[in-house]
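To keep things simple, chains are lettered A, B, C and D as they appear, and every chain counts its residues starting from 1.
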C-alpha cells in the first residue's frame, strides 16, 4: 500500500460510495414501479431511469467485471462519443428492463465498484479516485432530479398524489427585507484547488473586478410575488425580456408553475400534495424570465454569479437542504447582517449566462462532455435547494438551466448597485 | 319475471359479461405493471388505461351502486358531453391509481354489474340489455387494442421484448393468387336486424347497386410486397395518393411499420419479438396509403366496402382470430373458389371512406358519441384480424382508421372491375 | 383539312383559348405587382403564380416552340412525375421572374398555342383538342382561385383592402325555406359522354340507388347561421364531428372565416372590403365541419353528391356566377318548386367524401396526376359559386376540398330523408 | 439661437439625417417592388418594411405634424408598449400600402423631420438631438438588414438572382495566420462618454480584469473552413455544443448557409449571384455554433467581447464596410503586427453572451425597449461587416444574434490563452 491509498482512505471512499447508492434508492421508497417508469416531459426523466443512468456511469467509466446485462446504450444520457443515446423524449417507454432488473443491476455494479476500490493497485488509484468522486457527485445531482421530476409527473395527474407528507417545521414569522452592502473591487471566484471535490466548470479560480453592490437579505416571498401578479405582472410586457414575454404568451403563464387557485385562494402543488401557500415562504418554481421580470418590476436586478459567490464565500455551508428532510423552502430567519437562505431552500437565478471561466478546458474523451458542451443558452443558478444533497452546498457550485425552466426548486434573490 | 328476462337469459348475459371481463384481464398476464402503464404514442393507450376505461364505460352508463373511487373523468376517452376527458396524449402519466387499484375497481364494477343483471326489474331490462351488450362489444374492441398498443410500445424498445412466444402453427405452402368474380347488380348491405348485436354504424341495411367485380382469392403476401419495394415502390410518386406521398416523405417510410433489416434479410417485429419474415404470410401493418399504392403498382384497386361485404355475406364466420391464440396472420390455404382469409388474419383496407349509411342516425345522449362523430377522414376496414375477438367477425362489421395508421393488424386484398 | 378540324372549329378553339387567357389577366386589373406576388398561406397562391402556372400547363403539355425562358420547374404545381415542384409554401418568395416577365412569357405561350391550333396537322388534332380543352378548364379553375386567394391575402391586412367595389344588385327580400321532395330509386350520375368537356373524375356515368330524400329550397342564410352561433354552436361539442371539434378548439373558431364584429354588429370581409352582413344572403366561407355541425343543430343533414346531382340534372345551367360580376352570393329568389341557388352563388358542401366513381381510371403519364391522386381526405362540393367561370356550371362537376377549408366561396344546403 | 444649436449644427444634423434617408433608398435601386415586398423567413423582413419601419420610428418618437396616413401599428416592430405590433412572420403579406405609397410617406416624414430640426426651439433641442441621432443609427442598422434579408430572399429562388454585379477588387494573395499577444490586466471597455453617438448597451464604460490572451491576425478563411468540413466537422459531435449538435441534426447542416456544390466544386450564393468560393476570403454566413465548433476543432477558442474590444480600441476605424461598395469580405492583407479585418469584412462571433454591463439601465418608456429586452439567448458580435454603414464601425459597438443565426455577414476570428 502506498501513501496515497491507505486502508482508511479506501474504506472511506467505499463507504461514501455505498452511502450515495443507498441514498438514491431510499428516495424512491414511497414510489411504485409505475411511478418510477413514467416520463412527464422531455426535460424530466423517470426515477427508474435516474437509478439506471447513475449505474451506467460507473459501468461505463470504470473497468468493472460484470456478468449481468449490458445496457450502456439504453441508459446513456447524452454522451455522443459513446454511441447514439436512446432518444431522450422516449425514456418513459423503456418498460423493460423492469425496475427489479434495474435494481439487480444496480446491486451488481455497486458491489463491483466496492471491490474495485478495495483491490485497486496503486497505479490505478490516481485515476480511480477522481472518477469515482465524479460518479458520486453525478449520482447526487440525479438524487435531486428524482425529486424535481417526480413532482412534475405528479403535477400532471388530476389526483395530485403526494410524494410524502410533510414533516413538521418550526414556525417562522415573516422577516423584513434588508439590504447588505459589499464594497466590490478585485475579488476571486471559482473553486479553490484543495483536495475537495468540484466540477470542472467551477474553475479555474480567477480574479474578477466588481463594482460595489448590495444583496437582499432573503429570497423573494410568495406574498411579495403575489403582489407582482396582482399588479398585472404577467400582463404587462414592459417588465419582461422579449423572449420571456413570448413565452408568457405562448404558454399562457399566469403564475409560478405549481400554483393553483381554489375558492379564490392560492395553493401550491408540492411534494406533499396540494398545500396552502405560505406568504412568508420563498416563491418557488419560477423561471429566469419570471425572476428577471419580478426584479424589473421591483426596480431591482438579479445578482451576477460573481456577486453571489463573493457574498457567499464567507458563509457557513449550512442550510435547509435535502438532509433536513423538509422537502420545501422555509421562511427566512430574521435578518442578521449576513444574507439568509444563501445555501439550501431554493436555487437562486443569477443574471449570468453559463459560460466558461477564463482558462477553462473540458477534459478529454467522453468525460469531457460533462459540463462544457452545455455552455450556451443557459443561466447560472447558485446555492442549492431543499432537495439538494448536503455536500453539494458550496460557494463555487454552478448549476445551470435554460431561462424558461420552471420545474426546478428555483427562486429569486434581488440585488442592486451599491 | 317477464318473458323477456327468464332466469336463463339473465344467467347467459351475466356469464357472457364475466367472460369478457376475464378475457381482457387474461390478455395482460405476461405484462408487468410498468408495461401496462406506458403510452407509446397519442393514438395508442396503456393496457391499464384500457382495463380502466372499459370499466368506466359500465360505471358511467349503468346505474351501479359503487363504494369505491370515482374515476369517471380520468378514464373518459372522448365523450365530450360527459365533461372534459383527460388529455389523450398524457394517459401514460396516470401512474396513480396504480394497477392494483384499477384491478380492485374492475372487480368491484364487475360484481356490481352482475348484481344489476341478476336483480334488475323487468322495466329496466329493456334498457339494460342493449347497454350491457354495447359495453361488452366495447370492451372486446379494447381487447384488440391492448395487443396492438403493446406491440407498438415494445417496438420503441431497442431490446424488442416479446409479448409471448408464438405457438406452433401448421406449415402452409404459398398459395397462388386467383380471382373470384361477382356479378354485381342490386345488393343489400348492412346489419340484418335480428336479435344479434351490431354497432349502430352497421345499419340501416340498405340496397346498393354494384357493377360486376372480382376479388383476389387471398391477401397480398410479404413476398409480393417485397417485390413492390424492390421495384422502387416507396420512391416513385406515381403510385401514391398525394397525401400518401407527402406522408412517405415526411415520415421517411421505406417499408411496413415493423419491418427490420438485419444482414440484408427482412425480419418483422411481432408479438413474439423479432421474427424472420415469412414470404407466404400476408403483409401486415401497412397504412391505407401503402395498400392503395401497392394496388396501383399492381394495376388493381382496393375493393369497396359494399363489394367486400357482399362477397363475405355467404362465408362461414370463421378464421384465424384471437381465439386461435396464434397472434399472427397465417399464409392462405389453397384457393377453393371462395376468397380465403376474409375473416381473421388481417383487417382489410377498403376503398371506402367511413361515412353514414342512408338513414343512419346516432343515438341520443352520450352513447350517441360512439360511432357517428368519427365519420370523416377515416377509411373502412373489414373482416377482423388475428387479434380480433371471435364474435367480432361478421360481414357487416365496419372498422375504421385514418389512412396513415399503421399499428393495427391491417393488410391488403386486391380487387378489379369484373 | 379533315372533317375533324374544319377551319371553323379551329377558329372556335383558338378564340375560346384566347378569351380564357384574357379573362385570367382581366381578373388582376385592380391588383398591383406586389399584391400579385404575395402568398398568404400554403393553400393559397400568388396571382402571379396562377398566371404563370396556367401558362406552364400549356408549355409543358403541348409541343410548343418557345424562345423565351424555361420556367417549368418553377411553376409546376404538384406533378411529381415532372421533376421536383418548387415547394408550395414558398411560392410568395419567387419575386423573380417579375410580373412583367411572366406576362411576356404568357403572351409568348398564348401566341404559340394559337399558332399550334392553326397549323396542326390532322394527326395531331385528336390529341391537341382534349389537351387544350383541359388546359382551358384548368385555367378557369385558377381564375376562381385568383379571387379566393386574393381575398385571403387581403384578409391578413389590417387595412382590409378591397379588390373592387361591389356593383349594385337587385334587392331581394328574404325567402322562406321550403323542402322539395325526390322519389329516389335507381338514378344515373356522372358526366354524359357527349362532346362537351368534363374532367375525368366526373365519369364514368353510372347507376346509383337512392332512397327518397328532400332538399332545401335555398342555401342557409347568414341570419340562420347567426342563430346557430347564438345558440352556442361553436361551444357545444355535441353538434360536431370529432375532428371538427378539435379544429374549433385549436383554431379558436367562433364564426365563419371572414366575419368581423364591430360595435356588436356583424360584418364580413369581402372582395369589396368590410361590408355589413346581409341576413338574407347565404352564409359563406364555412368549412365542411361547420356545414355539418349546422345541419346537426338544425336536425337535418347535408345532401350526398348523388342526391345533389340528381336534383340538379334537370335545372337550367344558370346562376350568379363570375359572369354576373357581382362577386358575392345573393339572397335566394322566392321558392318556386325547384331548388334555388343550385348553380352559382356558393359551392355547396355535400356529405360525400371525394372518391373514384366505379370504373374510374386516371389517364397515363403526368396528365393522369390531375384529379385521381387527391381522392382521399377531401369532401365533394357542388354547383359553383359567384366567382366560378360560367361554363364550369354543370350538374356533374365535382369540386373537392379538405373538410377544414374555409377560404373558398362555400356554403350550406340542407337535406333530409324523404 | 442658443449655444446648443447654432445654425451650423442644425444644418449638420439635417444633412446627416437626409443623407441617411437617401442612403437607405439608394440600397433598393436594383430591386423591384415585388422583391421589396417578400419576406423569406420570420427573422428577415421585406425591404419595403425596412423603409417603412425606419420611417415609423421618426413618426412615432418625434412630434411631427403629418397629413398623410397613420401606419404606426402596421410598421411597429416589437414595441409592446406602443400597442400590438403586426405579427412579425406576416410582414410579407402587407402588399398595401404599396411601395409607392410608402415612399410618399417616407418623403413626407423626411421633410417633416427636417422642418422640425430647422424650427425646433431651444428647449426641445436637447430632447430632439439624441432621438434623431438614435433614429439615424436605427435606420443605418436597417440598411444592413436590407442587404442581409434580400440575400436570404434570393437564396430561396432557384434562379439565384443577383442583387448587383460585384465591383472589381484588388487581388490579394492568401496571408499566413499569425498570433498577436496581449498582456491582459485591468482594462476598460464600453463607450467613452464623449459627444459621439453610441447605443445605450455600449455603456457604462467599466473596468474588466483580463488574463493574457492572443488573437488571430485575420479571420478564418474559406480554405481553412473547408478543411474542417473535410475532417468531418459536421459529422463529429465532439466539436459541438450540445444545442449546436442538435441544430446540425435537425437542420441537416453540412456547410455554411450559402455554400453550394456544383461539379464537386464549392460555390457560394452572394449578392452578386452564385460565385466560385475564394479560398483566401474569410468564411461567411456561419452561426455561433459553427464558429465555436471550428474553434474547438482547431484547438483554439473564440475571443470574449472584452478581449476583442480591448484589442480593437487602438486600431483605426477603417475597413471594408458598406462604403467600399464591394459587398463581400476580402482576403486579409499581409500580417503587420496588428490584427487585420477587425473592422468591416465580417462581424466576428465572440464567446460572450449578450448581457448588461454593470450599472446598465435601459431608458424609460418605449425607447427603453430598444436594446435591453433582448439580453438573453443571444451572443455578441463585433467589428462590422462589408454591408455595415461606415459610421457603425467602432470598438464599443455590440451587435447580437441568436447562436443559430446564419444569414448575417458573420465570420470567425480565433483566440487563445496568452
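Before moving on, here are some points about what is shown:
The rule we apply is simple: contacts are C-beta pairs under 8 Å (C-beta built on N, C-alpha and C of every residue); 3 or more make two chains touch, one makes a residue touch a chain.
Note that the structure is a prediction, hence the values are computed from the model and not measured.
Here the chain-to-chain distance from chain B to chain D, counted in touching steps, is 2. With every chain reduced to the mean of its CA atoms, the largest distance from chain B is reached by D.
Work out the mean CA point of chain A and of chain C, and you get 59 Å between them. Distance from the chain B centre to the chain C centre is 38 Å, each centre being the mean of its Cα atoms. Distance between chain C and chain D, defined via averaged C-alpha coordinates, is recorded as 47 Å. Residue positions of chain A touching 2 or more other chains: there are none. Taken as a contact graph, the chains are arranged in a single closed ring, with each chain touching exactly two others.
Chain D meets chain A in the complex at residues 78, 80-81, 186, 206-211, 237-238, 240-245, 288-289, 292, 351-353, 355-356, 358-359, 369, 373-377, 379, 403, 417.
Put simply, chain D touches chain C in their complex at residues 32-35, 37-38, 40, 48, 73-74, 86, 90, 92-99, 153-154, 156-159, 161.
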